[in-house]
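Sharing a structure here in structure tokens format.
Letters A, B, C and D mark the chains in the order given here, with residues in each chain numbered from 1 onward.
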């Protein structure tokens, strides 16, 4: 989703808390901005410009675009006397905001050798200095600053999935990180029943930051259902592959089968021939039966569910279950950059490890209204042709996720850490 | 939708009514089969093979494919001693049933000059004779025969929209029918409030024929809303065009704007430069302010609604309103082959004239299960990437439509008689 | 070649011969025009509109376009009071003459169901009546009329190769003609030495009709060489295929190998799996070892020659040899519509059976100048990226060919009756 | 041309000169290898990986590929005990030698962030050390070493044209060099007559290094002609543009006009709107009337000649004229990296400044035979679909060019320093 749109939060702040908030926000700002740069530390300058397909962006572009966000939506209109770094950056690093103006063609981002790494870093420093100043002067901008920080966190996730994708084309299989530590085997899937009924879905207004697409909160009628206790593992998915999963038309949606035929798909992304290894940010690594399966697209998730005699949950079913648990583990903060091994505890891994495909199309909630201005393009205009994913992944920051969070990607996309949680109708 | 999938009905018949039913069914069979041929009467042999893009099929192919359906799913397995017309027809006229086998490449259907028109007509007669025999012998096959007849009616609609599309490429603007008769001006749109609440949606099982995708019937919570009294007219849509509708990114979904940019779209399909005329099955004809607007795709319908400050209804909202009215006018039976002029009566034209785009993605209802066997590919496998349309059009048979009927097309498709009904949240 | 360009002849006529000439020309006109229609007699109306790819045109389009040529270049400017059949035909049936105006998009010619077959035939009659009148009145137009007739003969050849290509997509393998009659085996290839030296190449001006691209006649220095006594046969070509010809990169030009890889080419056009049958205008027929090989493109001809340790002749070498023989057999006049069996006589089949690829790029002869006006687009503008073929084929009229005749096609084209004559440097 | 193929020289060396030669060759080797690296000095690491289209390669790839050439064709087979740097480099840096094995996909070369710049430089040093050793031990390898050095020089030229192309996509218009120094206006074109006759063309065997495609030397008959005294300038070409050159179909070859239509071409590559500036390796610079025009493709060169009432020379005409002059100025050695201002002297600039398109297709000379082994793929397999250019450019090394040198590119290519020399038939 973050490759396309995300939403503006609309929270307003009580006056009395201003001073404290601005200090907290400034330090949050500093922490989150530095984390983007930390993620790039293992990358050499040659890798900072890689872009293997139009869907992904070069790491250096991510560093520049998130900076552009603060300069464009905050510093330029709100900080008196602020001078933009370069007049053309507005064009070069605009992702998709038609309200701001034309955009440099997305497929050519890898051609932006200039501004080079050093210049982008200096730009970041210029913007950060000015932003800290602005945050202290203008507590009324907290909502928009917070949106910018959530935006940056989304691009941190993309930065990891994008560089993984781009590096995967190199037969030398470069490694940036550590392999999966040893762990225990996992038991069979179990299903936990939930009773449904008329339930409220969506973010309750005024509580904390959320994107606009998470509201308004509204009632939905749910029939009784059951949810798998954990996501599908690599071992389970290999059984599907070995059972001819990619050769049996009857298991696939029509568009999924067309995708297989037209692209000549033989198996999962990043799995290497023989299906013993997969490409990770730690280079080529052995598949582990208990590791949570990632990098499936909606077609694959749906076909697996059909093969298993189950189905995917709707986003409302997922949210109902998730509203009873808390984000705990499996986030980018652990530095692993890949999903962990599956646990046998009830409703495990709802948050973290992999985004879970739901059976829900990404559509507006009843009464949804996007924010006004160019920032209103963040989420609403993408409400077509995409499916909702929930729960965050091993590339998500722990403090970035919540039960009402709606991520979205096209059904054919599989370069995200996206996995499968099964459900069944009771 | 009919270009991709449609659903198997599951009705079973009480024993006592067998004799009467088979006679009724046989005459229904005869009537519907003949209607396909009547629709082709104005076409010369040169036109029977036209296919302007892979989405459309030649009229002769439609005549053959609907015949293939009866031969493949009924005569071959059920009528002892029946000999198929030609062993290769199974391959040539299979649309998308992987359970039957490989399919002749869709984009090449226009290359099937053989079997020629005469041979296809003889095949139809052979199949019809055998089918009448089978219908009389086997009342237990009523549901499947009825499915075949509904399938044929869907292809009658496609036949008209397909030949219209193919003929539109000819600068000579061939005419097959009659222009729109004169009529009265139409008043402004009004909106009728509906209270919503917990309502049942979907076809009540056992009542009459319905496709599998219309069930199971299930409760849905709806907030109060209002529905426009009629579809948008050509005059109203022209105001959108004249207001720069196709040049303003802020009115469009992101994928819709990409469609405009990549295809160089300047205005509605079939409208000619100057926007005074449009291509119809009666050749080039003047636009009429009061004629119901057709041939918009989902992106256009959605953009129009945003421009008008309204939204599209969900399919549940539409069905709730439609369950209170009956199909009355504006069907293929009137021989006009284009939408009529809009009426000012309350909730007019819910059925007929144009299929109405809804804001709902085409997804399975809770508890949906496709039929078993190859005929199960009819509807279920298309439940991804498409949007639901409701109500039937000027190319639909009056006895083919009902409130629970779910049609579906991709958001970029606009060669169907598809129009716009506005809604608003109360 | 005729699909792209052909040349204006420049012959002028002595005054004294006018009366006789116009009678002769009128009867020639009548004979050649009727022959186009005879070639279409076996075709049903469904087949008259087939177009399997943009390179080929529907038979009905050929009938209309050749008629357009006479109406556009002769009747409209030269016959007082002549009224064009329909104002849009100028646009619909203009192939590539920018000097006349815009052209209907070539890939959509199959969509021109109107004018239908009957209307095209009536147009032909109207034009023919007027042309006979014009021919009698205006002997000064003889050169242009003769060009029009040669143009029609070129389209007769294309009509056959185009319908063969379009029919080949039909798994029913329709048949329009007769299979190859029995014949005798053929002996091994032999090579006939020619001494070369400074030789004159090109059509001697003023002798008889020739296209502009055949002149001016000019001296060329040729080193001694030898020419195979006959074209390569199907049996010989099968040995190349069986020797892994299509899998060995070292045999192919770089662009040829790219063609094989990108198109997934496994063998010759029209050969069916197992390489026992090939598709012909008489339907599926067995391959015969002694039948002359056709439907190879330049890449295949070049690769075969390399595999055989020989090379293709230049067009000058070919013309030097051909200037010593006369067109005799193997033309469309024999009604076979496929190449015959190879003979063992010296320099056999230089004319007829198959066009022979030469190693010469299609470029202007020194001092070449195209005719003035739109008709000057006939040949000159195609002098890039194409290769020269010589000698005519089984689809060429016997009275249409001569030693200086230059046909041309792109190196990847193989739907013509194009074959291989080997040569070697002495 | 060097992007596709180049030729093996066949010189053999008299025994007595071995010692001197090996020293000379080693120092030549050293000088030429260092020059590649000098050309990259102004480039930052971000720019070393740029690849704006499949036809161009990243600078770092050029540095690696030329190293691969010496390792693959010399060190690996000839130097006992030599260990290749990395087993996968053979695959990664093979350009098109099927005889060596599979090649990494050309369009993805920009994704090879590893080996990074430092590793490539260390590989170069490893190879250079070993090569100097091999040169001293094995004077019999002089021809192949010389071929490798000429190969490296060709890639030096490509490196400049490729990085210019890739940088041109950056709206910041990066600059690597110096603008054109001031100069004097140029007079009108004049034409120098040459008498032609039977002349010898091609490289005389045994004289000095030449690619295989430059021979064998052979007689050709040339009619009298005249050659322009200098190439066309930017001022002259602007007159063509201003005269509607890109809008007039009658000036263009059919394939050229199709190129204009399909690509939406409005003017020359690198000219900016208003046609006052052009992009150069010194950034955006004003056009100068007297500067030699570069970056036209064959279609543009041919159209310009037609507009000017002239034609392009054949490669034989060009060589006849060039054999009477010597390479003097306008080479990469001057460090300008763009064509200079035109001089008025007779037959000026035949060498240097711009490669001159000829009217000759790139075909083998009579009796041509490629070298044996994989190195035989250097030139011969590209002899189809390309046109010959002569004389070298501002990116060519002075000691790399000669009168018989045949460069070749596809007619649509215009990212080389390719220009126009007019000719006329007398």
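Rule of thumb we're sticking to: a residue touches a chain if its C-beta (ideal position, glycine included) is under 8 Å from a C-beta of that chain, and two chains touch if they have at least 3 such contacts.
If you want to know which protein each chain is, UniProt gives these names: A, B, C, D = Ergothioneine biosynthesis protein EgtB.
Worth saying up front: this structure is predicted, and the values here are computed from it rather than measured.
To fit its Cα atoms onto subunit C, subunit A must turn through 180 degrees, a value rounded to the nearest 5. Averaged C-alpha coordinates give centres for subunit A and subunit C that are 60 Å from one another. Centroid to centroid, with C-alpha atoms defining each point, subunit A and subunit D lie 47 Å apart.
For this pair, subunit A with subunit B, the centres built from the Cα atoms lie 38 Å apart.
Under the contact definition stated at the top, not a single residue of subunit C touches 2 or more other chains.
Contact topology of the protein chains: cyclic, one closed ring where each chain has exactly two touching partners. Contact residues on subunit B toward subunit A in their complex (touch as defined above): 4-5, 96, 98-99, 198, 218-221, 223, 249-250, 252-257, 298-299, 302, 359-361, 363-364, 366-367, 381-385, 411, 425.
By the touch criterion stated above, subunit B contacts subunit C in their complex at residues 44-50, 52, 60, 86, 88, 91-92, 104, 108, 110-117, 166-167, 169-172, 174.
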